[in-house]
Amino acid sequence: MGVIRGEEMVLNIGPQHPATHGVLRLQVKTDGEIVSEIKPYIGYLHRCFEKHCENVTYEQVLPFTDRCDYLASMTMNFGYVVAMEELMEIRVNDRVQHIRVVMAELQRIASHLLGLGAFGLDIGAFTPFLHMLRDRERILDLFEMTCGARLLYNYMWIGGLSHDLPVGFVESTYKFLDYFEPKIDEFVNLLVHNKIFVERTADIGVMPQDVAISYGVTGPNLRASGLNWDLRKNDPYSIYNKFDFNIPVGQGGKGTVGDCWDRFYVRVLEMKESIKIVRQALASMPKDGDVHQSLPKKIKPPIGSIYRRTESPRGDLGYYIESDGSNVPYRLKMRSPAFTALSVIDEIAAGWLLSDVLAILGSLDIVLGEIDR
Amino acid sequence: MGLLENKFNDNIIVEKLDKLLSWSRSTSPWFFQFGTACCAIEMMAAAASRHDLMRIGMIPRSSPRQADVMIVAGTVTMKMALRVKKLYEQMADPKYVVAMGSCATSGGPYWQHGYHVLKGVDIVIPVDVYVPGCPPRPEALIEGLLKLQEQILEERPLTRKMA
Amino acid sequence: MSPDTEKIIIELVLKALNGDMDSINNLDDRVLRSKAKAALFKAKKDPDAYREKYSKSSIPNDNENNFKNDPITSYVLKGLDGDMDQINAIEDRVLRGKVKAALVKAKKDPKSFKMQVGLKEVKKQTIELDEEKVDIEESINQRIKKLALEKFPQSILNDDVEKFLLVDLKSWSSLSAYLKTEESLFFDSLQCQTGFDLGEGLLEARYNLHSMKHDHYTEIRIQVTKDNPRIPSVEEVWRIADWFERETYDMLGIHFDGHRDMRRILLPDDWEGWPLRKDYDVQETYHGIVIPKMKEGWE
Amino acid sequence: MTVDFIYNSLVAFFPDWANKDPFLMISMLLPLVATFGFITIYALVVIYAELKVSSFIQDKVGPMGQGVGLHAGKWGLLQPIADALKLLSKEDIIPSSANKVLFILAPFMIFVGAFISFVALPFNESIIVSDLNIGIFYILGVGSLAVIALILAGWSSNNKWSLYGGMRSAAQIISYEIPAGISLIVVIMLAGSLNMQEIILYQEGGIGNWIIFDNPFMPIAFVVYFISALAETNRTPFDLPESESELVAGFVTEYSGMRYAFFFLSEYANMFVVSVVAVTGFLGGWQSPFANYLNSPAMGLFWMLSKTAFLIFIMIWIRWTVPRLRVDQLMHLCWKVFLPIGLFNIFAVAIWTVLIG
C-alpha cells in the first residue's frame, strides 16, 4: 500500500478577485482549506505618486493625493494641507478649519460605510453592502453640493478651500445626520449581532497590540486591538481639540480583543463619533470668514522638511515633505496606513481557513490606491 | 467566434434570428467586475441602489468566462497590463470592452510622469466604448453602456452585416 | 489721517501680525479696512521692527509693562517660555529663590498660570505651546545623542541635532535595537521610512520614529553613496521596516543588508532602474509595450 | 400515473396496432418533453423573481427593460429570456488543460440529477409522471447525483477555485443529505408510506391535518429539513461551493455559455424539487388548506405551485439577507446540531404517536 501523501497547494488570490478590493495578489499556501502562508504581492496599481510629486508644483500635488486613497479623498487632502501649512506657517481662519473638520468627518463616515459594506460582502452578505452604498450616496451628494465632484474633490487647498459652503449645506447636513443616525442601528442589527456574522468574525484574526505596533498598524485596526491611539486626540491637528468626542476602542465584545469583529465594530462606533463631531462643528462654525483669505500667492515653502501625520479613516496618514525652496517638492513621501495594515496579514491570517483569510483581509479595510500609490 | 457566426446567407428567417440574437446580447450584457482603481468605486456606485445597472440588464459576474462586457474601471499599470490581456482572452465571445475613466482611455493624469502606467488600455486590448471623466459619474458610465448596447443591437452576428 | 484712526490701524496691524486676520477682515468700514491692509502689507516686510516701533507706545500689551510691579510673575513667565538664563542671572538670591519656587509651581499647570496672570490671548498662547513642544523634541534628540554616544561612540555624526540625528552607517543596526529597547526612549513604532536622492552621488534613508508609550518623535538620517548603497536592515527590529525597506529599495535602489526578502515590491521584478533617483530614465519598452517618453506632446 | 394514463388512452384509441412499443415510447417521451418545458419556463420565472426580489431587498428596482429599442419589455419581463438566449449563443470554451470528457459531462449530469427527480413530483392528484411507491426515497436518491456532477465539474476544470468548489460541495451535500433524510423519516413514520401521493392524502382535511401541525416536534423537523435543503441546493448561507467573494464562482468558474446555463437551470430545478418535497412532506401537498373547500384538481395544481413558490420566495429572501457560513461551521451545524435534533425527533415523534396520537 502506498502512503497517501498530502500536498500543499499554492493558490493565487488575485490580482483580479472579488475579495481583494482592487488589484492585490495574495499568494497563499494551502493545505486543504487551511492556509499556512500568505505572501501579498502589491504594486498592481503603482501610479508613481511620488514621482509625480517631484515634477509638479505643490498645489498640483493635491489632485494626486485625492487619487491615492479614493475612498477618503477629503482626508488625503486634509493631511497634505495640514503638513504644508505647518511647513509654510500659514494660519487659516476658523471657518476654514470648521469646514475642513466637517468634510473630513463626513468623509470618514463615507469611507467606513464602504469599508464595512465590503467587509460584509466578503463574509457573503450582499445586501448590507448595497444599503451602505445607498447611504454613502447621500454623503456624496453633500460633497457634490460643495465642490461639484462625487469622488475626488481637490477641495482643501493650501491655505484655504476651493469653495465656501453652498447655501443650504448646513441644513442638508443636519438632515442627513438625522436620517443616518438611526440607520447605524439598522446596520448593527443586520450584521453586528447577526449570529452567522459573529460566528464568522469573532475570535478570527486576532491582532495583538504589540504586533500591531511593530507592524505600524494604525487607525481603527490598532484601536480594535485595544490601544487608545487617535491622532485627533493624541496629537491634535486643525481644531480637533475643540470638540468633545470619544475614541472607540476594541473591547472584545464577542470574542477576543483585536479580532475581526472588533475591527468591524470599532468602525461602526467611529461613525457615531464622527456624527458627534460634525454636529459640534456645524453648531460652532463661524458664520463669516473668507475661505480664500490666507491662500498664499506663491507656494514656495522655506528650505526644510516636515513629517506630519493626520488621522485618515484608515489610520495615520503621514506626509514627509522635503522642500528645497522652489515651488516643486524635492521629495514627497506618503506614509499610507493601508500599506502597513496589509503587511500584517501574514502574521495574523496564517493558519486560518481560506474563508477566514478573506474575512481578515476585508476587516483590515485596505485601499489599493493608497498601498501602491 | 461561435459555431453559428457568419455561416448563413441573408434571408428572412436568418434576418429575424439575427435580430433576436443581437437583441438578446444587447439586453443582457453581464459585466465583469474588474475594478482597478478609483473608477471601480464609481462602477460599484453605478451598480448599487441609486443608479442600478440592473435596470438595463447588467448583472455583475466575477468570473470572466461568464461575462460579456469588461468594464476596465481605473488605471491599468504595466504590471497589470499583461493580466488584463489574459483576462480579456479568457472571456467568451462575443465580448466587449468599456474603458472607463481617463486612466483607462489614455493614462489620464498619470500620462506625463507615470512611468509605470499604461497609457490607455487600448494598447493591449480592443476597446468598444470610451467613457471619459476622472472618474466618470455613474450617469456617464450608464450612458456609455447604453451606447454599447446600441452598438450591439445593430450587429448582425449571423450574417455579419454591420448596420 | 486722524490720530484716532492711526491708532486703530496700528492696533489692528499688530493683531494681524500675531495671526489674527479676522479683526481686519471684520471691519465694516471699507476705507479703514483697505488702509489697515496696506499698513499690514508694509509691516509684514519687517514685522519685528514694526512691533518694536509701535507696541510699547500704543498698546499696553507687553508683559513687562503689565508686570513691572510684580517681577516674580514676569520672571516666571519668561521661565515658562524657556528663558532660564534671565532667572539665573538675578543677583538677589532671595528673589531668585522665590522665582524658582514659583516657577516650579507654575510648571505643573502652565496654562492656568498664564490664564491667572491675564494672558488670555489664545493665539499667543498656542504659539508659546508650540515652542514648548519644540523644546521637548530638542531635548529628546539631545538625550538620544547623549545616550547613544555613551553606548556607541561616534554613532551620531551631526552636531546640531535640533531636527534630526545623522547616524553612522556601521552603528545603525545596534543603535536601532537600542532605540527600541531602552526604557526611557522606547521607540516602538517606525512611522515612516523615506529614501532620498540627495544628488552629488549621495543617497539617504530617513527614519521617523515614534514612541507610543512616551509619545515622542525623532528622525534618523543615514547617508550612503550611490556607488555602494548598502544600509543595514532594521526589519527585525520594527517589522514594518520589511515593506518600507523593500519600497525604498524599489524606488531608489538602496540595498538593505540583512533583509530576508529584498525584492522589488511595487514595480515588477524585471523592471529596470530606480525611478525616484533624480537621474532616472524610463525604459523604452516593457514586455513589448512601448512606454511613451516623458514630456512629449503635452506640456 | 401519467405515463400509464397516456399509454392506456393510446391503446384504447388505436387498439389495432399490434406492436405497442412505440406507444410506450411516446407515452414516456411526452411527459419528458413537458417536464423539460416546465423546468425551462419555471426557471425563467424564478430567475426573474430572484432578480426582482433581490433588487427590492437591496432598495433597487431590478431589471426594468430600460435602454435602447424594445429592450427587456415592461418591468424587464423579457430579461431572463434574453439572458438565456444570450448564454445559448455564446462561445463555448473548453479550457485546453481541462479534462474534456468530464468537463462536458458534468453540466448534463447535474441537470439529469435535477431532471429525473421531477418524475416523482406530484403536481395534483393525477399529474405525476410516475407514482412510484418509493417516491420520496427515489427523490433523495437521485438528488445525490448532483454531488458527482459537482465534483466532476470542479475537478475537470483544472482550476483551483473550481476544485475548491467541487470539494466543498461534495462534503456539504453528502453531509446534509443525512439531516434532510432523517427529518423526512419522521414524515414517513407518520404517513406510513414512501409514496408521495399517500403522504399527501394522509394530510387530508385542511390546514390542521398537515404534518407540520401534527405534533409539536414536526415544526422542528420542518425547519431542519428546510435548512438542509438550502444546503443541498447550495443557496446562501450555504453557498460555499460557488461563494462569489471567496472562490470567484466556485465549480462554475471555467464554464461559459450554454454549459453555465445548465448549471444555472439545475440550481433552480433543484430548488423546486426540494420545495415540492417540503410541501409534500409537511405542508399538505396539493391539498387545500381549507379542507374540502377549493379542493378540485385544478386548484390542487394551484395550491401545489403556490406553496412551492412561497418556499422558493423564502429561499430567495434568506439568500439576500444573511452572510455565509464557513466550511467547518457548516459541518458543525450538520453533524453536531441537526443530526442529534433529527434523531431526537424520531424518538420523540415515535413516543408521541404511541402515547398520544
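To keep things simple, chains are lettered A, B, C and D as they appear, and every chain counts its residues starting from 1.
The definition used in the following text is that a contact is a pair of C-beta atoms (placed from the backbone, for glycine too) under 8 Å apart; a residue touches a chain by one contact, two chains touch by 3 or more.
These numbers were taken from a predicted model, which means no experiment stands behind them.
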Most widely separated chain from chain A, with each centre as the mean of CA atoms: D
Higher-contact pair (C-beta pairs counted), B-D versus A-C: B-D
Euclidean distance of C-alpha centroids - chain B vs chain D, Å: 35
Rounded Å distance between chain A and chain C, as computed from the means of their C-alpha atoms: 26
Centroid distance [mean C-alpha coordinates] between chain D and chain C, Å: 70
Interchain centroid distance [CA atoms averaged], chain A/chain B, Å: 30
Residues of chain D whose C-beta touches two or more other chains: 58-60, 244, 248
Residue numbers of chain B (touch at least two other chains): 48-49, 62, 79, 112-113, 115-116
Sites on chain C at which at least two other chains make contact: 266-268, 275
Chain contact topology (line, ring, star, complete or other): other
Interchain pairs in contact, sorted by label: A-B, A-C, A-D, B-C, B-D
Chain B-facing residues of chain C, complex: 266-268, 271, 275, 280, 282, 286-287, 289-292, 294-295, 298
Footprint of chain D on chain B - complex, ascending: 1-4, 20-21, 23-28, 30, 48-49, 52, 54-57, 59, 61-63, 65-66, 68, 90, 92-94, 146, 149-150, 153, 157
Contacting residues of chain D [partner chain A, same complex]: 54, 57-60, 160, 164, 236-237, 239-240, 243-246, 248, 320-329
Contacting residues of chain B [partner chain C, same complex]: 78-79, 81-82, 111-113, 115-116, 118-119, 123-124
Chain C residues touching chain A - in the complex, by the definition given at the top: 19, 21-22, 25-26, 163, 188-192, 194-197, 206, 208, 212, 215, 217, 219, 238-240, 242-243, 251, 264-268, 275-276
